[in-house]
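Shared between the two complexes below is subunit A, which has subunit B as its partner in the first and subunit C in the second.
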Partner chain A sequence: MNLQIALLLGQDGVTSGAIYALLALALVLVFAVTRVIFIPQGEFVAFGALTLAGLQADRLPGTIWLLLALGTAIALVEGGAALRQRRYRRIPLILLVNCAAPLLLAGALVAVSPAGLPLPIQVLLALMLVVPLGPMIYRLVYQPVAEVSVLALLIVSVAVHVTLIGLGLFFFGAEGSRTPAFTEVSFEFGEAVLQGQTILVVVASLVLIIALYFFFERTLYGKALRATAMNRTGARLMGISGQLAGMLSFTLAAAIGAFSGILISPITTIYYDSGFLIGLKGFVGAIIGGLASYPVAAAGAVLVGLLESYSSFWASAFKEVIVFTLILPVLLWRSLTTRHPEEG
Partner chain B sequence: MGGLLAVLGWALAAGVQADINVGVTLSATGPAASLGIPEKNTIALLPATIAGQKVNYIVLDDASDTTTAVKNARKLIAEDKVDVIIGSTTTPNSLAMIDVVAEAETPMISMAAGAKIIEPMDAKRAWVFKTPQNDAQMATAIVEHMTNNNVRTVAYIGFADAYGEGWWNEFSKIAEVRKIQIVANERFNRGDTSVTGQVLKIIAAKPDAVLIGGAGTPAALPQKSLKEKGYKGIIYQTHGVANADFLRVCGKDCEGTFLPAGPVLVAAQLPDSNPIKKAALEYLGKYEAVHGKGSVSTFGAHAWDATKLLVSAVPEALRKAQPGTPEFRKALRDALEKTRNLTATHGVFNMSPQDHLGFDQRARVMVRIDGGTWKLVQ
Partner chain C sequence: MSSLAVDGERPVVLEVRDLSVSYGKVQALHGIALKVHRGEIVTVIGPNGAGKTTLLSALIGLLPASGEILYLGEYQGAGRSVEQLVRLGMTLVPEKRELFSEMSVEDNLLLGAFDRYRAGHRDQLETMDQVFDIFPRLMERREQLAGTLSGGERQMLAMGRALMAKPRLLLLDEPSLGLAPLIIREIFRTIAQLRKTGVAILLVEQNARAALQIADYGYVLETGELSLAGPSSALATDPRVIASYLGLGGRR
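And then the complex of A and B:
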């Protein structure tokens, strides 16, 4: 191994580490606010990337059907509740948000051919298709069981994960897709070539992390989320709705996931099931942060990326083993150094 | 109730022939889905009658999972009383099913490539047949091509699973005999997002050629990385990549790549004198009529070939026994083993008690990717 190879591996590790870091942050956020270990986080990566690829291939992405179906289901649930409570004036709004908006989006996609649109618009469309799935899944699946134990929520997560994987295969097929690079720029260092896309991934991740920081520090909604994470009952007594906090955290998680997918799909081929492994590596990062600390989780995720990259050079057959074994010393260390209050 | 029994008794007494039940278990979901889906599509095109007998196909999905494949095999035998099992898609699944079918004395035709499925021949494997070429046959074709093109040093990068390991074993054995030096041996996972480390190590070893032992679109990742990092040598892929999606994902980075494949992949380019051309074009025509032009892959053709074997073996078995009986299954096994000169889409079957595949070198061609299509290398 010479310096050039070491640098290239380092660059590769930081690039994947940046994506893992984003996912680790999303996992910590969702867990802190709702106590849900969000296993389907990775599915949003795959859905985001494949929806964009579908748009670029001028196919109507399957995610639109999921959006319509979930929207209709929520409209039925909420509409039914409004009818029982005789709050008829809420019904138009429910229908507008859950049925009309997705229908409008579907209509727009059918009307204009998305393949001809400029890339930023395609990205925006893909995000509009995938991100609402986050809060919708929360509303339908998690909100009715929001008060059950962490273990039960984990089991629900596994169910959601398996369902989404199956739907992914149905929507996008077994084969993977790549999207064209956002930028063709590349820099040369001696013999090594640095792709513009990898720099873009790192920069975009950093920007997103900084934006998240300001969101939590400076905005009312961000503070509401932090308050809920610290003390759910206390926050509710202060008038912060647990439902709103849950919806918001799932929206953020879905947005981060879908955006990560769109970022990396020009670098690697994404399959309907690739999200799980990417999410799992983000989860290792989140575990290093104890599912509580954002900076440690992000640093842990970058460590995972670097470890992965260097081990792929030295012992490619054992790469995954090395990465996931990292969790053992971390868990040991955490269980020795922290106290665990019993969780209900 | 009594009336019903009477009718049943009459039906049996009249000797109404039972239908032939064909059980199919394939990997239509899970990691091997890109192989299993075209196979499943092919099953829908299969003949509804063989030798005048109605055929029922019972298709189950094993989700690329070994345990489920075994469960499916048991279910097909116990509940559906099948006369023969076609499946499964992958080598590990097929290996796991051998014990089940041997115990129930039901013939099985696997659609997986691993030579271990039918070798070494023993009492259990006597019930097992397969239609895809052995990896060894394909590896020989690659090594031959390498020797002809003055390749002295080779690097290998393959899947970190049974597929990559199987190719490594076959390829390294044959390469050693032919005096080709292997300078690097790397692994990657199907779901990997980056293979930079492996690729850098390969490039540092400066091989004349690189062989990528992967299947489907994941095999495009090392190739794209190699090109991106400036590798200029020859790149070989295995027949596992022979579908249109691979070309779509790999794009211009795959130009000039060589791979061995079943002749069905380039059927239209085969000389008219080749008997395989007609058989392969027949399948292609049927498949593309339903699923659109360019949709065909070599994997579905393995399922088609499995039925070709059945069509030729069933009439002889029918002369000896009725479907649904152990005697029929035994007769079917014997007839399958006696298959001679049967032209299918991937080659010509010449089975023997020792060889339950029976392909010769007609079952493979070298193919080059040229302008985003498969070109037969003469």
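And then the complex of A and C:
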């Protein structure tokens, strides 16, 4: 290996590491607030990328049907509850948020041809299609069982993951998609070439991480999420309901996932099931941080990205094995050094 | 909101009739009836395990209960939730304080106003200044993490955080628990002063002497049932209360 290749691999590793770091942060957030190990995190990456690709190819992305179906289901559940509690005034709002808004979006997609729109609008549309799926899935699937054990929530997550993979195949087909690069700029450093898209991914990830930091440190809603993670009962007594915290954390996780997918889709071809492996690598980073520490999780995820990149050069057949083997010494070390109270 | 029932001169904030709570087949509370007026301190005293914490948890909706709970003139049915009651101005300071220990005192206080903030009120900084007036110690400690506070300061923070919600009914669960006598006196003096703000206070205490000193009205809870009730001055001189809860020192 010469310096040029080392730099190239490092650049690759940092790029994927930045994405893994975002996903690791989302996983830590969701786990801390709701105790859910969010295996479907990766599906949001794939859905984000493939929805954008669909829009650019002027196809109506299948995610709109999922959005409409989930919205209708939630409207039925919530509307039924409102009827039983005789709180009729809530019904128009429920219908507006869960049915009218997705319908409006669908109508807009049919009316205008999304392929002709500028890229930022396309990205915004893709996010509008994918991000609401996060809180909707929380509302329908996780909230009714919010009090069960971590293991049961994990099993639910596996079910959601498998369902979303199946839906992904149904919506987007088996072929992969790659979106055009956001920027064609590239820089040359001596012998190494630095791609504009790579810089964009790293910068966008950093900006997002800083934005998350400000959200959690400076805004009352961010503090409310941290408070829920620290002390659930205390938070409830302040009026921060588990539902609010859950919906908020799933919205953030879905947004991070979809945004990551949109960022990497010009770099790598995304298939309907690509998200799982990407999400799993973010998960390795999150585990390094003990599913609790945000900075360690992010650093761990960058380490995963670098390790993956260099191992693909020396032992490409074993690159996944090497990455996932990383988790063994980490788990061993954590189980030897930390004493944690057993959860019931 | 319907007009509040007026009983004597002051409006009734909370009225409970025939309240029962069960943990599975074990009945923890049975046929509880009590009333709290605006600007009044009502105390429920009783020994360990009598069901005092259960009573407050049931009132605020953390536990399911049967019977009638009339809050601000409206029935709170089985569908009542903590979040709804918090929105209606009921606030619990729990026995375990339940602070956000890895956050600063200031952030803990701000979160006390979370529901008001969510409902569109943006007056949390002024409210925080009022809380600092009541508990100057919290002002000194505002940057400190809640987990590093002393026991007395934690209780002050828990109460300050509850006051940030500008409650109409404050439920206090054993504020004296684990505190030194001097601190208890300070906390109880503060509770007595809160009465002036018009908030109704339901104070659950094992420390009967301290509670009866500041309360207007008192109930005695024993093994899940109210055994005695009356103005606290009368309770404090009742021979049964003296024998069980006050000891000889309780005689004036």
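The definition used in the following text is that the second predicted complex is superposed on the first by the 344 of 344 C-alpha atoms of A that agree within 3 Å, B and C clash if a C-alpha of one lies under 4 Å from a C-alpha of the other, contacts with A are read in each partner's own complex, and residues count from 1 in each chain.
To be clear about the criterion, a contact is a pair of C-beta atoms (placed from the backbone, for glycine too) under 8 Å apart; a residue touches a chain by one contact, two chains touch by 3 or more.
A quick note: this is a predicted structure, and the numbers were derived from the prediction, not measured.
> Touch test for A:Lys319: subunit B only (first), subunit C only (second), both, or neither?
A:Lys319: touches subunit B, not subunit C.
> If we overlay the two complexes on their shared chain A, which of subunit B and subunit C does A:Ser16 touch? Say first, second, both or neither.
After superposition on chain A, A:Ser16 lies in contact with subunit B alone.
> For A:Arg226 in the superposed arrangement: first (subunit B), second (subunit C), both or neither?
Only subunit C; A:Arg226 stays clear of subunit B.
> Contacts for A:Leu277 in the overlay, against subunit B (first) and subunit C (second): which applies, first, second, both or neither?
The first partner, subunit B, only.
> Looking at the overlay, does A:Gly234 come into contact with subunit B only (first), subunit C only (second), both, or neither?
In the superposition, A:Gly234 touches subunit C alone.
> Which partner chains sit in contact with A:Ser311 here, subunit B, subunit C, both or neither? Use first/second/both/neither.
In the superposition, A:Ser311 contacts subunit B only.
> Of the two partners subunit B and subunit C, indicate the one touching more residues belonging to subunit A.
B
> Would you sort A:Gln85 into first (subunit B), second (subunit C), both or neither based on which partner it touches?
In the superposition, A:Gln85 touches subunit C alone.
> With the two complexes superposed on chain A, say which partner A:Ser177 touches: subunit B (first), subunit C (second), both, or neither.
In the superposition, A:Ser177 contacts subunit B only.
> Looking at subunit A, which of its residues have contacts with both subunit B and subunit C?
none
> Which residues, counting only subunit A, touch subunit C once they are in their complex?
Listed in rising order, the residues are 85, 220, 223-224, 226-227, 230-231, 233-241.
> Could you please specify the touching residues of subunit C with respect to subunit A in the complex?
60, 62, 79, 81-83, 86-87, 91-92, 94, 98-103, 107, 110-115, 117-118, 124, 161, 165
> In the complex of these two chains, what residues of subunit B are touching subunit A?
Touching subunit A: residues 29, 31, 33-34, 36-37, 157, 160, 186-189, 191-198, 200-201, 204, 216-218, 220-221, 228-230, 243, 245, 248-249 of subunit B.
> Give the list of subunit A residues in touch with subunit B in this complex.
Listed in rising order, the residues of subunit A that touch subunit B are 5, 8-9, 12, 15-16, 19, 166, 169, 173-178, 191, 193, 195, 264, 267-269, 271, 273-274, 276-278, 308-314, 316-317, 319-320.
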